[in-house]
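Structure, as structure tokens:
Lettered A, B, C and D in written order, each chain numbered from 1.
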Amino acid sequence: MDVIEQGVGDIFTDPDADKARAFFRGKSRKMENKVMSVKDAVAKFIHDGDYITIGGFGANRVPVAVCHEILRQGRKKLGFAGHTSTHDFQILCAGEVFDRCDIAYIIGLEARGLSPNARRYMETGKVKVSEWSNYALSVRFKAAAAGVSFYPARNLMGTDTFKYSAGRIIECPFTKTKYVALPALYPDVSAIHVHEADMYGNCRVRGITVSDFDVARASKRLIITCEKLISNEEIRRDPSYTVIPYWCVDAVCEVPYGSYPGNMLGEYFSDEEHLKEWLKVESDPAEFKAFLEKNIYGCKDHFEYILKNGGMAKMQMLRQKEMMFIGAR
Amino acid sequence: MDVIEQGVGDIFTDPDADKARAFFRGKSRKMENKVMSVKDAVAKFIHDGDYITIGGFGANRVPVAVCHEILRQGRKKLGFAGHTSTHDFQILCAGEVFDRCDIAYIIGLEARGLSPNARRYMETGKVKVSEWSNYALSVRFKAAAAGVSFYPARNLMGTDTFKYSAGRIIECPFTKTKYVALPALYPDVSAIHVHEADMYGNCRVRGITVSDFDVARASKRLIITCEKLISNEEIRRDPSYTVIPYWCVDAVCEVPYGSYPGNMLGEYFSDEEHLKEWLKVESDPAEFKAFLEKNIYGCKDHFEYILKNGGMAKMQMLRQKEMMFIGAR
Amino acid sequence: MPDYNTMELMICTASRELEDGASVGVGTGAPCAAAMLAQKIHSPNLIIVFEAGGVAPLIPEMPISVGDSRTTWKAIMASGMCEIMETACRGMLDYTFLGGAQIDMYGNLNSTRIGTDHQKPKVRFPGSGGANDFGSFCWRMMVMTPQDSKRFVEKVSYCTTPGWLSGGDSRAKSGLPLGAGPYKIITNMAVMDFEPESKRMRVIALNPGYSVKDVQDNCGFELLKAKKIVENHAPTKEELHMLRDVIDPYRYVIGR
Amino acid sequence: MPDYNTMELMICTASRELEDGASVGVGTGAPCAAAMLAQKIHSPNLIIVFEAGGVAPLIPEMPISVGDSRTTWKAIMASGMCEIMETACRGMLDYTFLGGAQIDMYGNLNSTRIGTDHQKPKVRFPGSGGANDFGSFCWRMMVMTPQDSKRFVEKVSYCTTPGWLSGGDSRAKSGLPLGAGPYKIITNMAVMDFEPESKRMRVIALNPGYSVKDVQDNCGFELLKAKKIVENHAPTKEELHMLRDVIDPYRYVIGR
């Protein structure tokens, strides 16, 4: 197959579908109890050097407890898929955990501004980067979820985003139209926060799904954090609601308010004051160090983090905000 | 792009993504009332020569009223995607409506046996065929839904199913693995039966979705039949449940028991006796003619068809069977 | 006379191949019965999936369609065709059971047509359905079929679903996923596997009352014979009870 | 002094471009405000979608993220990234509003970096996000940005999102979907479109109080001028009321 043009970026994960199949052949299909602590899940399934993906969208339905635990356990040399990664990226940059990154959207927190620390880190040259767009990364996950090594798409072409990607331009064998072939992305391990999961890992999500269906299926190992554990009977009551089947899942961690300080649809809104504080303290290295010590390194778990930031009264306020009792109207 | 090998089958629909885009550019995005009768929907949106797709899976969640109406209105020279098409195919063959067909599964009714009439029709040579598998057709819809002209897959290769398809074997530009490139399938018009829809065409489905998400998005025109019309407010109450957005939809027809004599998850089981009768009468041309006259040509609409086959008492029995009050246990 | 019929024998033999914790893509009828039997007897964690989208249902009675309500009864997920086939393509489905009008010595299956004119076939069958997909993607493809020279043919009229293609490394070269292919063929008389190098069909076990000659006499091509051919045990009392009284009480599949 | 600020002026001007019944993919901030304003004033059937999956919400207050709960508040569908971008790729999204640190005469946008060493950039920005996707797929891409020579540059340091690329038929030849591309650039001083042949940026309208010279003086490349340059009307009382009192009462976007 003729490659018309190709980007200069690296492919950080092997897109080979047969190698992925060989891995998945050995993955357990048994329905067994996978409930464990976030600490154990990170210790067991995330290793130095792994390529990781974080589900959700920036500060919405994001597995914050897993990000904090990665810092506490001192993981290093991770690869990362920066697919509208905002607060999660900010946390992980605070631990300088990366040495390579596929970028679609990083260092920013959307309308909240840019993270000075994440920006500094990404300007040091310590992190090798390949460039993509959000949809390009979505398609890379989608190809992996389909068990193939590439899918074609019609974006990127003509731009520097293509030039610094690892995409390759090919022609449609039917219409001769040009397409950018995007290599499948099979992460070593991903973490996704969901509304409900059973002990085996069958998951339900409300609201937008972003790229999480595909991320879950593409990932070799998957850590689920959930707002609430539910029974397998409840999952079976209506199988239409299951969006991630248990066989994708390696660990199930019950973490109420697990997306805090991010937003969780129907549960609680984001804590904008705390996120503002994050951005502010990053400008002063000493202050930032103390902030991280207080909120991450000095915390045993997500409960303790929440307790230090307003506890249940804060959670109630954020729940009321989510329900539109408190807001612009 | 080098084509290593190619099937001898025809591509009955244009896979060109820019031509599809040009069509979709003109499709209305307005939320307007699309409620109409099946008769009007078929008259307005299905024309002689069109390439059509029927949603659901064989005799499960299948828009029977649309199939009957196609016969009543005497449509001819249709193209068809036979994607585990069972009772729908049997009906349409009774009207000899096709002149070309993409085949994955036709003429059979799964464990119920084969349709003598559909088989005879497909052995006459009057219908031009290209051969695929269920997943190959699913991928063709999926490519169209993604707005591209092809997707690669790892099936078909090495078989006569490939030889008589219109697939083309290419190499992955990253791994050199062989793939069959499957041309996008943009149907002219499709009909899908769903549980609930609002007047604009926002749809909810319970249970298996087969390939209907992709069929809905790939189709240039789409007729929805639904068990029950619901309000737009109900749709907006939880947007997580919407599986087909209104902008894909051209007509919304409320047809209670619209999958009868097929199965509708959570509503009613299939009428196995009636389906058995269908298969039986097909062996005798005179008897079959009378059967069709009674059940299709002599009926005004789906209500009348149901009335002739047991009416509400039958529907109640099938509902009880679906709920497992009546069954093997 | 044995106290079981041919279909019961094949289902019991087939069910023993499905080990606990494995996943299997099945169709209606005998394959579904074999998978259900395996669950009841020795593989409580066997995961059954249906091509139309049903995943791990608590099957209350034999489905009549691979997409009917019974295939998602108390299931863990009701999904779609792409979900199931892509799960298989990713390498997550261990087994599948397929059938067809013809099978050849490499396990290639025909469920499409008899005759040479494709546009006007002598006999038209339904086509692949999901068979080509499951047969391409699942690690181990199995077939349950009566031993009959009309079914076991030198060359299939049409290869709908890939077996080992023309044997040897032809399947590996075709582009199909590596390492997957036909595993065992289960008939009323015997169980066959495929010789690792040539990929030709080979008798490895006989059912009670049948000889190698019986099998060869009812096969349209020369069968290889394993060095050691074992004898399968007859359906057990427990297997027959489960099959007759629990799984298929109306005898839709096993007959009366 | 006019009784409106620069941001209010740009939002009001931009909102007038969105006709009833059209669909638009927007980000947070000014684009979302412009789309909401269009809905309130003249385009009740304008369909607003967000890249993370929200479709046609009844937006209760300005979202802070394109994926936050407000983007699916009483929406008609909560979907995902592929659903939205593939809807755009199929040709169903008419407009998008994008931004960036730099824009050139062909409407190419930079939101990735300043500096030449890509692995160690002088200044790193967030990157494409969904901008390259919306810019590739939506029929008409619009930009709202202050008129400033540092933003309107001869050549972007890095082309994140395609405009008309190097002009002429270069975009058509690139492989990007045919017929889509930059449509209008809205600044505090003027509105620009693109000359159909060369695809170079061209002044077509001026905001009250600004001259062509003002615009050119605040642009880093030579602008084409339309034969007839019209004057935009100032924000109306109704527009300002809606914007200030209904859409952005806390003045997150329009400022204090």
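Side notes on the structure shown:
FYI, contacts are C-beta pairs under 8 Å (C-beta built on N, C-alpha and C of every residue); 3 or more make two chains touch, one makes a residue touch a chain.
The shown structure was predicted, so the numbers you read here are calculated from the model rather than taken from an experiment.
Chains that touch both chain B and chain C are the following: A.
Here A-D and B-D were compared by C-beta pairs in contact; the pair with more is A-D. Centroid analysis (C-alpha atoms only) places D farthest from chain C. Averaging C-alpha coordinates per chain places the centre of chain C 58 Å away from that of chain D. Chain A and chain B, compared by their mean Cα positions, are separated by 37 Å. Taking the mean of the C-alpha atoms as each chain's centre, chain A and chain D sit 28 Å apart. Note on chain placement: the centre of chain B and the centre of chain D lie 40 Å apart, centres being C-alpha means.
Counting partner chains per residue, chain C has residues 54, 72, 78-79, 82, 89, 137, 177 touching two or more of them. Of all residues in chain A, those that touch two or more other chains are 17-18, 146-148, 153-154, 177, 179, 206-207, 239-240. Taken as a contact graph, the chains fit none of the simple arrangements: neither line, ring, star nor complete graph. Of all possible chain pairs, those that touch are A-B, A-C, A-D, B-C, B-D. Across the interface of their complex, chain A is touched by residues 20-23, 45, 47, 54-58, 72, 74-79, 82, 86-92, 94, 137, 139, 177-179 of chain C. Residues of chain A that touch chain D in their complex: 56-60, 82, 84, 86, 103-108, 110-112, 114, 119, 122-125, 128-129, 131-136, 138-139, 142, 153-161, 164, 169, 177-180, 206-214, 263, 265-266, 269-270, 272, 322, 324, 327-329. Interface residues of chain B facing chain D in the complex, by the touch rule stated above, are 17-18, 20-25, 27-31, 144-148, 200, 202, 217, 232, 235-237, 239-240, 242, 245-247. Put simply, chain D touches chain A in their complex at residues 27-29, 51-54, 60-69, 71-73, 78-82, 85, 89, 108, 112, 117-133, 136-137, 158-162, 165, 170-171, 174-177, 249-250, 252.
Within the complex, the chain A residues that touch chain B are 1-3, 11, 15-18, 146-154, 168, 170-175, 177, 179, 181, 183, 205-207, 238-240.
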